[in-house]
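The next part holds the structures, each set out as structure tokens.
Okay, so subunit A shows up in both of these, paired with subunit B first and subunit C after.
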Partner chain A sequence: MADRVPVSAPVSGDRTPGRPAGPGRFGRLGRSLREAVLGYLFILPALAVFAVFVFYPLVKTVILGFYRTPPFPNLPSRFVGLSQYRSVISSTAFLESLWRTVLFVVFTVPIGLVLGLGLAVLANQRLGGIQIFRTIFSSTVATSVAVASVIFYTLLNPEVGLFSYWLGHQGGAGILNNPTLALPAVSVVTIWQNLGFTFILMSAALQGVPDELLEAARIDGSSQWHRFWRVTLPLLSPTVFFAVVVGTIGAFQAFGQIDLLTQGGPNNHTDVLIYYLYQQAFLFNDTGVAAVLSVVLFVILLILTFVQFRFFERRVFYGR
Partner chain B sequence: MTASAVTGGPTVSPAGGLELPRSASVGLEGVTKRYGDATAVDSLTLEITAGEFLVLLGPSGCGKTTALRLVAGLEEPTAGLIRIDGEVVNELDAKDRDVAMVFQSYALYPHLNVRRNIEFPLRARHVAAEERDRLVAEVSASLRIGDLLDRRPAQISGGQRQRVALARAIVRRPRVFLMDEPLSNLDAQLRTEMRAELVELHERLGTTILYVTHDQVEAMTMGDRIAILYRGVLQQVGVPQEVHDRPANAFVAGFIGSPPMNILRGELAATGIADGLQVVLPGGAVPLPEPLAAVARRRGLTSLIVGVRPEHVAVDPAGTLSGSVTMVEALGHENHVACRLEGGKLIMVRLATGEPVPRPGERVTLSFPGGRLQLFDPVTEERLDG
Partner chain C sequence: MDGERSGDVERRGDVERRRRPVGPLVRRILRYTLLVVAAVVVAFPIYITVVNALLSPQQIAARPPTLFPVHPQWGAFRSAFTLGNLGIFLRNSLLVTVAITVAEVATSALAGYAFAFIRFPFSRTVFVLFLATLMIPMEVTLVPNRETIVALGWFNSFPALIVPFLASGFGTFLFRQSFRGVPRDLHDAARLDGYGHWRFLTRVVLPLNRPAIGAFTVFAFLGAWNQYLWPLIVTETNGVRTVQIGLRQLQALSINQTNVIFAGTVLAALPIFVILIVFQKQLVRGLTAGAVKG
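Showing the complex of A and B:
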């Protein structure tokens, strides 16, 4: 490539009178082409990784959904086209599971966000020993889903669990086996587990709000409440938006706590979409239905995220 | 009628408000602010009359901004009383003190457009929309930012942001304006323009202004009075001319003026003629004129600090003080010459145009024609008066 430069140099350097000086059209085109090639070379490694681990599986999953899994292993799977998509989407099991997922997201995301933000605001004050509280509030980020689930499994145990005792659910089947309480219970575990992450996010964002703006607002006669709504929150909006998008996606994909606490029970009352998918894929070995569910979940999240960007991002202030 | 639309806030005149004087006195009485072991403001006592433009002047870290923040209610004094309009406001929250502040960084709300920024104090006080629109239109017209109302702070220039910050302070007609180095982020030309505009604004509004700056030119040109702070301690309060002509101590003398007064330490010696005295300075001895010599004699001093303004030093072949020129600053209307005396001390000489200017490196002798010196105590550095 480098040996082309001397060849083109006399062309672009041709300074005949009456002609504008500077690089000729040819030279400029060559340079932008070289830049483009170089740019693609730089993203090639990432592209390769994505292709192997994301794009190929995605396409393969969509295709898998077109084939009905045979009732017995070693029989050939049969191409059924979109009919499997239609039957899965219209099935009661799927719709009920989707509804439970929506409930789960609605329970966990807003409450988790408000709690995380609230704790961050509380811990953002200049008080002696506040570091201790900050550490405590962010500690769940270092806790795995498994640990959180085991802790709450014990607390919710109908025989020895403290929560069961406080809530008057001693003996019997217990909260996790109660059809109305199981999903809220799993949601509480999820909120608790995510709280540390949300807290850290919000704390970091709060540190980014200039003191001077809040002081200016104070002198302008703004009450604490007014300052929070009119100054702090707008400046936190990019982080809140990020937390909502990431939190929603995370909630749709919650699996560990459900598998460890309820296995989708009692009587499917905590059988959210991802758990339903897991059961189809690994308990019933129905890869066709599981593939359809994967694709549907992907599309739901895609649409939801698009909607969030479309409607809520307008209210986000990115600064500068 | 309009006044009733404002709840818990300032009253606004039906006529339009902007021309109506509204101001309060500010009093500080033994105000001290400590941060741990560090004392930012040390028993500051200062009385600012209603409608006055008082400049708090001092080098960075002298406590002037802390003093301002104490008045604003953003800091609580460790000791002492703060009064606004005669009323002690120590316990009053910043939002209830009815003062407005202009920050060095302007502190405009970046997520709000100019209109919403200016409206902010009105909205915080639940002023009715109609009244709000009228006030914003009025104040933005008077500050010539009416065409910027829909822009965000990031989309306007530094000078325009400065005006928006002022508009936000003015719009609710506070009793006192607090200004924390409001011009220091502007370029030199704009700063000079805004100086004049602020003075004009003060004359128009008649509101008390407490203005913090480290720029003594700003202080001299804008203030009705200047209060000079150093290391948290008030050094002198007075009208600009008085502070300039009769500095209370060597610090004030060395801080005011451009270039500031030369401060030289010297020993006292007899001239041998009658009981005349001379001061032996690093580069030679200069005679002490009689009224000043009498002061020194009366106090029985053996050494003292001499202050001499650059315009009262002359390059004089018959001078008794010798040194070499290190730098010449030609400003067009005058020349500043820096001379290094033999002891290593720098002395500034201000020469009017037309006077011959020595070249850098040249050896010169200096004199103090007319003996226009100021004397300061060698220990306390206080001014020595007759």
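Showing the complex of A and C:
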């Protein structure tokens, strides 16, 4: 377009665009100042929100961890330094909740991934009506955690729940009150609710696998099974890795399903880290312990995010 | 299963036929069977939810179970509004979600534009700060954030649900990347034509980046609609509670009203289902943006 030849005259009233006639150091300085001010005006709304609701509270959380919450309200909280961090992190309650969270990750992430990938492969065929299946497979993306949880909670109701009936758990305390089955049940709900997202992710990745490669492998006489393991899967590995990290981060933040299905029970068997934090903060009002738990959660998520970032750097490198 | 796609249909078809002359019909049937089985398993919870919303509580409890509503009864949906206050909850969710979505898109577009096109001091540093927000989820700052909300006098109000989410690090990052795809020449030409930054943003950059904006809009809408933990801890009355928290109350209804519970979940999920159908492309793009863009 008009790179060198101005198409139209500057709009009246607007500041003169383009280069000034002379060297005009002062004008250039003025313009770059205007530019700087404008830049900050543009980022100001977002920056203000981040300052108040992200950075300040993060620092505040770390500081709150240094103060022990008094046993009765309205007493001053006491500065105890790192000792509260030490005592919380070495406490059995914390270690158990961390262990349950790890179990929850192990239950949900690999199975969810395999199922999502399986559905994606299944739907990645040239068949009539395949679009209907794709829509069905991605449908759980439309269910929020709360929607999925309430549906399964009702279907698992020991008196009237259909799934309780089919699983032979009608009557009695019910699956969600069973110490052995509660966490697996919560995991199943989580896997189902995430399935749509995993499917969408894996489908997008599958469609990025170049046809020529599969064609070449086919002409070389490799079987479908062989092609999947040796060509498709290696090419999907970046997305698989992404899904694992994102899934793990999500599992560490999974709150709604616990709150709606088991409330940490029975007997703390589903009391994962985030739920333990919530109980300390808002049910027992122990701000100090909750702050320490928040910091621990933050550090875990930070490590996971770094793993993800590092991996992306590598992928960009390989991609070139 | 083949990893084939719709491109090169003819050629692919020829190769297929030459190499595997036997049993294409059997294969087709097998593939459809697998697809149908998978679809039934995945969709069953949703299907039975809709069915149960149309049955009476007695029919839901009856064994063997009723798997098809022969005489659908729509009363449960009415009860979801009267008993379950779904009307208020849905209105609140819509209000909060639209406000958050519009604001997030606007603040992210402004910031993304600044990082892509405006030279200002410390822009790199500030951009890293924006990226850092991606590593600090709401879950780790709950305690002080609720204190802030209480101190501002916003507890149990719409600002509490909206204001903390008026900006998005992810959106800013996404828009910056996308905006940088606008050719430099276009920028220079616009300047020569007397376009300031504002006009360049609104007349050139935004229209050119409609796909990215659409994808992020759907992504932001979904995220805001599905929020659970934060709304739970900063609200306490139905007047401001969102539908996700409303479901929590609905779930507590007695087992004589299971049909109302199911009807409520249908109503809570419906808006997102509509979005899934209508904006499928944007949704897919939004959800995969993180994975694809890196």
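Everything below uses one rule, namely that the second predicted complex is superposed on the first by the 251 of 320 C-alpha atoms of A that agree within 3 Å, B and C clash if a C-alpha of one lies under 4 Å from a C-alpha of the other, contacts with A are read in each partner's own complex, and residues count from 1 in each chain.
Keep in mind that, in the parts below, contacts are C-beta pairs under 8 Å (C-beta built on N, C-alpha and C of every residue); 3 or more make two chains touch, one makes a residue touch a chain.
For clarity, every value in this text was computed on a predicted model and none was experimentally measured.
In the superposition on chain A, A:L260 contacts subunit C only, with no contact to subunit B.
Comparing subunit C and subunit B on the residues of subunit A they touch gives the larger count to C. In the superposition on chain A, A:R218 contacts both subunit B and subunit C.
In the superposed model, A:N157 lies in contact with subunit C only, and not with subunit B. Within the superposed three-chain model, A:P234 lies in touch with subunit B and out of touch with subunit C [touch as defined at top].
In the overlay built on the shared chain, the residue A:V114 is in contact with neither subunit B nor subunit C.
Once chain A of one complex is fitted onto chain A of the other, the partner contacts of A:V106 are absent, as it touches neither subunit B nor subunit C. Legend: residue contacts after superposition of the two complexes on their common chain; A:P210 is shown touching subunit B, with no touch to subunit C.
According to the touch criterion, the shared surface of subunit A, contacted by subunit B in one complex and subunit C in the other, consists of residues 215, 218. The residues of subunit A lying in touch with subunit B in their complex are 210, 212-213, 215-223, 226, 230-231, 234-235, 237, 317, 319-320. The touching residues of subunit A, when paired with subunit C in their complex, are 1-3, 6-11, 14-15, 17-18, 32, 35-40, 42-43, 45-47, 49-50, 52-58, 60-61, 64, 118-119, 121-127, 130, 133, 135-148, 150-155, 157, 159-160, 162, 165, 192, 195, 197, 200-201, 204-207, 209, 211, 214-215, 218, 224, 227-228, 232, 238-239, 242-243, 246, 253, 255-256, 259-260, 274, 277-278, 281-282, 287, 290-291, 294-295, 297-298, 301-302, 305, 312, 315-316. Remark: subunit B residues 9, 72-74, 93-101, 103, 105, 107, 109-112, 120-121, 123-125, 154, 168, 172, 178 touch subunit A in the complex. Listed in rising order, the residues of subunit C touching subunit A in the complex are 1-9, 12, 15, 19, 28, 31-32, 34-35, 38-39, 42-43, 45-46, 48-49, 52, 57, 60-61, 63, 65, 106-108, 110-111, 113-115, 118-121, 123, 126, 129-130, 133-137, 139-148, 163-169, 172, 185-186, 188-189, 191-197, 222, 225-226, 228-229, 232-233, 244-245, 247-248, 250-251, 255, 258, 261-262, 264-265, 268-269, 272-273, 275-277, 280, 283-284, 287-288, 290-292, 294.
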